[in-house]
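Every chain is named by a letter (A, B and C) in the order it is written, and numbering of its residues begins at 1.
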Amino acid sequence: MTYIYNAWYPAGWVHELEKGPIARKFLDIPVMIYRLSTGVLAALHDRCPHRFAPFSYGTIVEDKVRCIYHGLEFDSAGRCVGNALCFAAPKVAKVRSFPVFEQDNVVWIWMGEEEPADTSTIPRYAYHNDPKYRCVYGNNYTKADYRLLCDNLMDLTHIVLLHPVFDALHRKQSFKSWEEGDDVLASYSAVEPHEEYHTINTIRWAAPGNHDLEMHIIPDFGKGPVIQEWSANLLTPETKYTSHYLWSVAVSVDSPETDEQIYDRMIQVVDREDSWMIEGVQDRMGEADLFDLDPVLIATDAAGVRMRRKLAAMVEKDAARRAARAASREAAPVSA
Amino acid sequence: MTYIYNAWYPAGWVHELEKGPIARKFLDIPVMIYRLSTGVLAALHDRCPHRFAPFSYGTIVEDKVRCIYHGLEFDSAGRCVGNALCFAAPKVAKVRSFPVFEQDNVVWIWMGEEEPADTSTIPRYAYHNDPKYRCVYGNNYTKADYRLLCDNLMDLTHIVLLHPVFDALHRKQSFKSWEEGDDVLASYSAVEPHEEYHTINTIRWAAPGNHDLEMHIIPDFGKGPVIQEWSANLLTPETKYTSHYLWSVAVSVDSPETDEQIYDRMIQVVDREDSWMIEGVQDRMGEADLFDLDPVLIATDAAGVRMRRKLAAMVEKDAARRAARAASREAAPVSA
Amino acid sequence: MTYIYNAWYPAGWVHELEKGPIARKFLDIPVMIYRLSTGVLAALHDRCPHRFAPFSYGTIVEDKVRCIYHGLEFDSAGRCVGNALCFAAPKVAKVRSFPVFEQDNVVWIWMGEEEPADTSTIPRYAYHNDPKYRCVYGNNYTKADYRLLCDNLMDLTHIVLLHPVFDALHRKQSFKSWEEGDDVLASYSAVEPHEEYHTINTIRWAAPGNHDLEMHIIPDFGKGPVIQEWSANLLTPETKYTSHYLWSVAVSVDSPETDEQIYDRMIQVVDREDSWMIEGVQDRMGEADLFDLDPVLIATDAAGVRMRRKLAAMVEKDAARRAARAASREAAPVSA
């Protein structure tokens, strides 16, 4: 198993909900996320318990999810509360609902059933709401294990050759990595030979697949003003070998780059370069796990290896928790 | 196993044969159906026993199926009777032939080897040949278990929301279901609140996947003339998760609706609504069987559940018959 | 297993390398073949041992393969000899290199690890370099087991019906087959009823999937000059059910047929007829092996059956060799 179930996952951008519900699979489970008239978000298993129709094919009527197949209606807790036809609503019908939370323009969903969904543990991307920044958002879909995308993000030396737009080949690189609680951080520094231009990129991984990238650009031998930019890179496995990838870039409101220029650059970097590469890596790895293939590790893998170790420990802990819960359910008398 | 082998299956419309042989898979078996110069239909396993080329890639010459790969020729009983090249025909070469029968504009094929193919058991769709009716025909292909399409047809309350063209949401619905021999029937009645308009749809399921829909439309508080229309909905599994779906609509020759209007409406209803929904259901069910997923059953499932029970019993009986036959073959001395 | 690993395989045409490296999978293994500045060919496993990126996504810099993901550089022996970034190259990183050889305009690759790659065993197609001939080359890709393509080539009576361009239906056919060392040969003769036109096609199979076709066309009751043409038909499995197919046609420099006419004819014959047929056969066979389906064999199968027997024996011998080598590796002390 490669998933942590008891975790908050980035499900989409808040502004995506303006066009209607978000219907996506996370961890192999189809989910529909929608906004109630009260403004509160709700999320249900996107599968009617009657005949297994996707709710997302249907409509939402007075805050009730109406299945368009035979008319059963459910509230946001997953209780069957109506039937659009003139027949009785089966009270026993129950749909799994998911804790869902919006923060920093991200919709978060909790995919576990064994641990409480504590919103205080959700990583922050406050710059999405900071008036000092102008933000550009995008959605990528990559046919690869989400962990390969994490690997990609944790070793930022990959930008030197894979992303020529950053023009980094002739800069002197250095890096370090460390841990802060459950997070893994890495800082990558690049200096032009004559020191006139300096970048420091610091990436913070928060499990399972959230990456916060802080970029400092120090021009003119450090005499000019430092430019600070941010980029959120938020991954959720759709299936074992496909991933949802939300990305944002936050630049100063005064940045000369237009939103369109930033978007076009990111489509090049994320879709045409990162995603292309990671799908190629997945093809070359087949269904093997990374460490089963004995990768030759080098110094710049330090952050990625830290991340992989933490992630593997969390996956193991989560699986144990799930197994214990399943065993206790099995053992419980039916009337209990 | 989800198939009944010893059964007649709808293979296509008779008029499809005007364009040449029908080459389709039924129950995972590729078959070629063609018309002999005598007017009689024939059906062979669409696979040459020499090098396994599809016969349907080749030609029919003087009522013999000629394999275009190396020239072997077979008669409609599957005997090798010639070689288009100047070499000997291997008398030992034998192709499975299938009983095939045309009736009511439907080509029927018998896929079993253990029971006699009794044409008197084929359900009738006599309106296809009744001069009182004008008929429109179509072919749908749905990527789902054929039983999910049967479920769809047996619960006609699905038309209320899934097929807005029928404008049925505000009508009062009632229904009943019953059995007649091996068939399952259900009648769905819909009345406008002020009774000015009334429809009664009666569907008859005949195993494995044949559905005959009789529609009565009673306008003007029952004062105007009753309109009677019919629709055949004939399903054959191609594979476990793909299905051939033949549909027809028979309207009075005096109906104001043109053939084109009927066809366009059915493409909307069958292809864009039913097929779309059932493929969505299949996606949500994955490879699980319906009852393994514990569906919440409601009153309007009555007909579908009757149908499923009968079908499951028939599948089981057919499998037992096939196993017994296979065992007796195994036990028989070779010279017997 | 259906592959012989310890064998030379045709990987591509030499002129394909003018456009850059050839990146293809052979026997499920991704390989990149490229030309060094010395003119020598090299081939590496197309997968970086660091993070499993495809080398073919990257570049070749001063004869070193540079991985575009994180910059590791490898020489043609597969040794890590550099890092495009300013970090150390891991000396332990090692990529499998493959013996590769160019001859007669074909790039050959040796896919085994247990036997020496003896280039003297590579079959010759000398007409590709013979000034008496004008050659036309093509690449086909067929979604089928390469052995089904071998079967197709070894029974040339298939041209009578499958390739109408050869207009051979009314000619009297005869054939014979024999063996020369490990090769299997077959000669197919076709005579017009009144003897005014005579063709003799002789095909030589050399394991695993190399076919050399020599065509003699004897016009005018043998009074006119004999026309001799050649065609190489070189197969390499990409995977168990997909194949690379290199074909050439060599005609006299004086032939009235233009290169374009020959190319168009071969696209019809190979892509639209042979490949179409063999993919149909593969569909009808599913994942079954030819002889498990009990094909009805006829006289003209003689050459194909000889070929299949030799091939099966070679596959078995190769598998035994590989197993013995693997066992001896397992048994060897680590320090040995």
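Here is the rule we go by: contacts are C-beta pairs under 8 Å (C-beta built on N, C-alpha and C of every residue); 3 or more make two chains touch, one makes a residue touch a chain.
Predicted model, so just to flag it, every value in this text is computed and none were measured.
Chemist: What angle, rounded to the nearest 5°, describes the rotation that places the Cα atoms of subunit A on subunit C?
Modeler: It is a rotation of 120 degrees, to the nearest 5.
Chemist: Same residues or different residues: which describes how subunit A and subunit B meet, taking over half shared numbers as same?
Modeler: different
Chemist: Measuring centre to centre with CA averages, how many angstrom lie between subunit A and subunit B?
Modeler: Chain centres of subunit A and subunit B, defined by C-alpha means, are spaced 45 Å apart.
Chemist: Scan subunit C for residues touching two or more other chains and write them down.
Modeler: none
Chemist: Over in the complex, which subunit B residues touch subunit C? Could you list them?
Modeler: It is residues 30, 46-47, 49-54, 57-58, 66-72, 80, 83-88, 90, 92-93 of subunit B that touch subunit C.
Chemist: Once bound in the complex, which stretches of subunit C touch subunit B?
Modeler: These residues of subunit C touch subunit B: 151, 155, 157-158, 160-162, 169, 172-173, 276-277, 280-281, 283-285, 290, 293, 295-301.
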